[in-house]
Structure formats: C-alpha cells, structure tokens
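Same chain, two partners: chain A is paired with chain B first, then with chain C.
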Partner chain A sequence: METLSFEFPAGQPPKGRALVGCVGSGDLEVLLEPGTPGRLTIEVQTSVNGAEQRWQHLFERIFQEQMPPAMHIDIHDFGATPGVVRLRLEQGFEEIDHD
Partner chain B sequence: MNAHDLLWGMTPAHLPADAPAWAVDAISAGHPVVVRRAIAELGYVAVGVRGRLREQRFAAEMPLAAVQRRVAPEALRDVVSSRDLPALQALAQLRSVLEQETWGVSGSAGFELATGIEALHARSDLDLILRTPKRLERADAEDLLAILDTTVCPVDLQLQTPFGAVALREWASGSRRVLLKTASGAHLVLDPWQAVA
Partner chain C sequence: MTDLLTKHSFVELGARQRAKALLDAGTFRELIDPFQRVMSPWLGRQGVVPQADDGVIIAKGSIGGMPVVVAAIEGNFQGGSLGEVGGAKIAGALELAAGDNRNGIPTRAVLLLETGGVRLQEANLGLAAIADIHAAIVDLRQYQPVIGVVAGSVGCFGGMSIAAGLCSYLVVTREARLGLNGPQVIEQEAGLDEYDSRDRPFIWSLTGGEQRFNSGLVDRYVADDVAQIQQTVTALMHAGLPAQQRSRQVDFYLARLTELDTTAQIVPAAVCELYQGERP
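Then we have the complex of A and B:
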C-alpha cells in the first residue's frame, strides 16, 4: 500500500462534492471535494506499488485537455487500469457539476 | 471460454520477448493463466499471468491450441482448503447463501483453490463471480450485498451479465451509472443488461 500526492493548477472550486466508484479489484473509489481556488490536490492510496510516474502522466493527460476545478480528490485505488481511472474521474467531474 | 477461467498449457515460448522474469518463472513452473476480458487475435485468448506480488500481473495472449486444461470459477466453489484464512472462512459462510445460484470463485482465492499455490494471505479479499444472464433488480442486489457484508472479510462479487461484468457493490449502491467491464474496455452505463451502444 502506497500513498501518493499530486498537485495541479486549477480554476475555481465547485459547490458540491461527489463520491464515485467502487471498492473492489480493478476499480477505484474517488471522493471529490471543493478545494482552495487555483489548486487541485490529489491523494492516491493504491494497492499497486511503484506506479507514481504512471499516475502523474495520466493526470497530466486528463488535465491538459481542460483546466480542472479547484478540488481535493481522494482516490482509493484497487489496481484500476488507466481507462477505468479516467472514466471514474470524468464521472466525478460530471456529478460535482450537477449537484 | 470466459473471463476468470484458469488455463493450463502455456509455455515460456508463448510469452513475448519483453515479458518480465517473474512471468517467465510462473509459466515455467506450470502455473495456469487467467482469461482476461479482452479481444485477442483469431486463434488466441487474452490471458493474464499472475506473479507472487500484487503488481505482478502481465497481459499476454495464449494460442487456443495450447490449452490443455480449463477450470471455470464454478468448479472451485466446493473445493475445500486446509488453510485457515478469512477469505476461505467467508467462502465457507457463503456457500449456503449462494446455493441456488450459478456462481464461482475467482481472484487469489480461485487461483489458490485450483492450484494449491498459496496466493491468499490474511488480508486478501474474497473475489466471487455470479452469472446473471437475466437482470438482477437493484433491491435484490442490495439484499445480497447486505449478506456478503456480514462475512469475516470483504467480498468483491462481480455480476456477469451477457455484456460484461459489473460490481454487485456498485449496482446495489444506487449510483445512476455503473462501470461495465467489457471485452472492448470499461464503460459507464445505465443498464448493464443492455448492449453498450
């Protein structure tokens, strides 16, 4: 088990919070909460060790497409593939927008 | 052949040149590989090689002609182990609960029960699959999850619909969209019993 921290530039904080995903092999649980304006902080707890670079690259790819809102994101990862991580984050962003 | 089936017969010659040493060791030792939910080339099946460590998982393709033996998760549900571990205790607790269903054991527990190789440890979850060709109503999913959550260790049950797999825990959670794992990748869907558009 490893805990990784990341930080990215962001816009304004959203109003709501969201919890998406699921505890279980190949999946992840994502909790998104409003953060400090201009900052997106992410904490990843993962069962797969030695994957810091992979997370960094994945987040960079996702956030370069669109400036994310200012949030704190807590991720509990259970060996999800990059495709699943991306889907869950997109789902979280959608839910935080709707509520 | 379905996702989670265990296959014997793969040899190191079937592994690509960039396969890690632990994967070559596992195959050389005669360990089975696990069928992955992915599309393989004609005449091949997508498989995963398991190493001793959790991050040791290697995706490969096995020629169908090389398959010597196949064990489906259903064949493992009555296998009794002499090891005393929470995942195996949970399995013993759930046999009667799931008696009327088509279900099986996957993950580390399935691998250990099929091979005798110690893959489980004291903090391992129990991975199960449940065949659900017909829709499992959300209320029934909630009831089943409530029972699974009374066992001594976390149970990860994946519903196998005609179109892929969805976690019972998520289907029971009330989440509007759920993650359906299919051969062409993961999708967020409203109804796991409907073909992905």
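Then we have the complex of A and C:
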C-alpha cells in the first residue's frame, strides 16, 4: 500500500461535498470536499505500489481540459484502472455541482 | 420482460443506497458519516486500504412514519467483514435505539446484512464488537422488532449469522445465503467430497434464501425488488414483536437435531422436514 499526495491549481471552492465509489475490487472511493481557493489537493491511498507517475499523468490529463474547483480529494483505491478512476472523478465533480 | 422493467434490484444497490431506499423519502440522516473519517486504525498498518465509513452505514429516519435506525453493511468492502470500528457503529446504534425505547421513543432497527463475519485482520476486536451486537439485539428486541435483511450477493456468515438468528424477523431473497461457516471454510474442514464450495447450485440448495425459508429459519422470502423489500420491512415493523423469538426455541431445535440420522448425507428436503415437522 502507498500514500501519495498531489497538488494542482484550481478555481473557487464548491459549495457541497460528495462521496462516490467503494473500496471494492477494481474500484475506488472518492471523497470530495471544499478546499482553499486556488488549490486542489489530492491524497491517494492505493493498494498498487509504484504507480505515482500514472496517477500524476491521469490527473494532469483531466485537469488540463478544465480548471477544477478548489477541493481536497481523498482517494482510497483498490486497484482501479485509470478509466475507472476517471469515471469516478467525473461522477464526483457532477455530484458536487448538484449541491 | 415487463416484469423486469418495473422491478428495481435491491441486490445491485450499495449499502448507503439500500438504507436510503428503505427509509421514507427525505428522512435519511447518517450518523458518523464518512466525512468524519472514523476509519479502521488496523487495516493501514497491515497494508490494506481502509474505507472512510469502515464499510458500515448507520442511518436514522423513519419507515412508514415509524422511527427507525438502519445499519447497512457494504459487502463489496473487504467482504463485508466487521472490524472494531464498523462493529462498534452497529452495536452503538442498537444500544442507542434501546435507550430511546426506555425513554419512550419506539425506535426499531433494520440490519442489512452482507457479511462474511469478523474481519480477520482485526481478530479479537472484531469478535468483541460482534458479541456487543448480539447483546444489543437481545436488549432492543424486548421493546421493538429488530428486522434482519439478507439480500445477497455476499450473504451472511460467521458471528453475524448468529446476529441474524437473534433478529425478531429475517427477510431473504433467492440470492441470499445464510450459514455459520462459509462454503470454503466447510470445504477446507470437511473435504471436497463432503462439500464442494465451487458447486453453486449445491451451496444454494443448502444455505440459500429459499431453502432457509422452507426450513422455517427465516420469516419472509421476497423477490430482489426494492418496493417489495420496503413493503415487507414496513409490514414487519407494523406486526410488532413476534409471539416467540426463534432463538428462544432452543428445546424444539435441539430435540429435532437429536433425532437426526447422521450416517447418510443429508439432502435439502430432509432439512426442511426436520425443522418444519410437527411444532409444539
């Protein structure tokens, strides 16, 4: 198991918070909460060791398309593929917008 | 086909969605929610990724207007295993419900059980928590029904199968399984000839929801449908306390087991007959 930290530039904090997913096989749990303006911090606890670069690239690719809101995101990962991670993050962004 | 389109699967819902689906709309209020991060202190140091709610959702609300606390176990996280935190959440919720009743608030409890039992990584702490759950069910069920629902697909095993047995009422679907030991444990102990854990029809024929209902070990056998499960739970809450708790019928069951001829391998029909025969 590894714990990884990431930080990205961001916009304004969202109003609500959201929880999506589950720490089940091939899945992950994502907790999204409002953070300090201008900053997006992510902490990943993952069962797969040595994948820091993959997480970094995945986040960069998602956030370069659109400036994310200022949040703290906690991820508890149980071997999700990058595709599943992306789907869960997008689901989380959508739910946080609804609040 | 039209039947399929009108049904909403309960089995496919996660634990939090299940709790929400059972409670009256807008009444779901989660206690110790995942953002409070009351997580297992033991999994991380053993290299296992924890979950923010430790796989247990406790929600207060109402069902049919009646006050209730729902404890739902997430079967997809570590097989629904119960450790120190998740176990304490359930035991504490049941103890508070019993306290409510002593203060004149008739809080009922619904347990959504998808669990392999104790979490091996937390060993005795998980077992102690499960013992607390047993004691709390026995306390609460004097006042109001404690309703267990085993929907599947994990089923309910180990110490938590005893918790299921202590419930005032038990509801199962065809997907459910209920047994003290899980199939792989029995195979390991008794041998492949006796019990093949990969033989799914065989496993369900002995421990599946339909067989448990036909044996009289559970009270309601329902389809995997949100509305039907919701209606069944509501009706059981209205029914009040059972005339006699199943777990108090020790003499009846012991007498039946004494009669059993164990020289031949028992078949499902014989189990039904054994338990369902003449009742006192």
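As a working rule, the second predicted complex is superposed on the first by the 99 of 99 C-alpha atoms of A that agree within 3 Å, B and C clash if a C-alpha of one lies under 4 Å from a C-alpha of the other, contacts with A are read in each partner's own complex, and residues count from 1 in each chain.
Here is the rule we go by: contacts are C-beta pairs under 8 Å (C-beta built on N, C-alpha and C of every residue); 3 or more make two chains touch, one makes a residue touch a chain.
Since this is a predicted model, take the numbers as computed values, not measurements.
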item: Room on chain A for both chain B and chain C (clash or fit); value: clash
item: Which of chain B and chain C A:S47 touches, first, second, both or neither; value: both
item: First, second, both or neither for A:H76, with chain B first and chain C second; value: second
item: Partner chain in contact with A:R88 - chain B first, chain C second, else both or neither; value: first
item: Contacts of A:G26 with chain B and chain C, given as first, second, both or neither; value: first
item: When the two complexes are fitted on chain A, the stretch of chain B hitting chain C, from 45-53, 153-161 or 189-197; value: 153-161
item: Common interface positions of chain A, toward chain B and toward chain C; value: 22-25, 27, 47
item: Footprint of chain C on chain A - complex, ascending; value: 1, 17, 19, 22-25, 27, 29, 31, 33, 45-47, 74, 76-78
item: Chain B to chain A touching residues, read off their complex; value: 54-55, 57, 107, 125, 127, 154, 156, 158, 167, 169-170, 173, 175, 177, 179, 181, 185-188
item: In the complex with chain B, residue positions of chain A that touch it; value: 20-27, 47-51, 79, 81, 83-84, 87-88, 90-91
item: Contacting residues of chain C [partner chain A, same complex]; value: 14, 34-35, 44, 47-52, 55, 74, 76-78
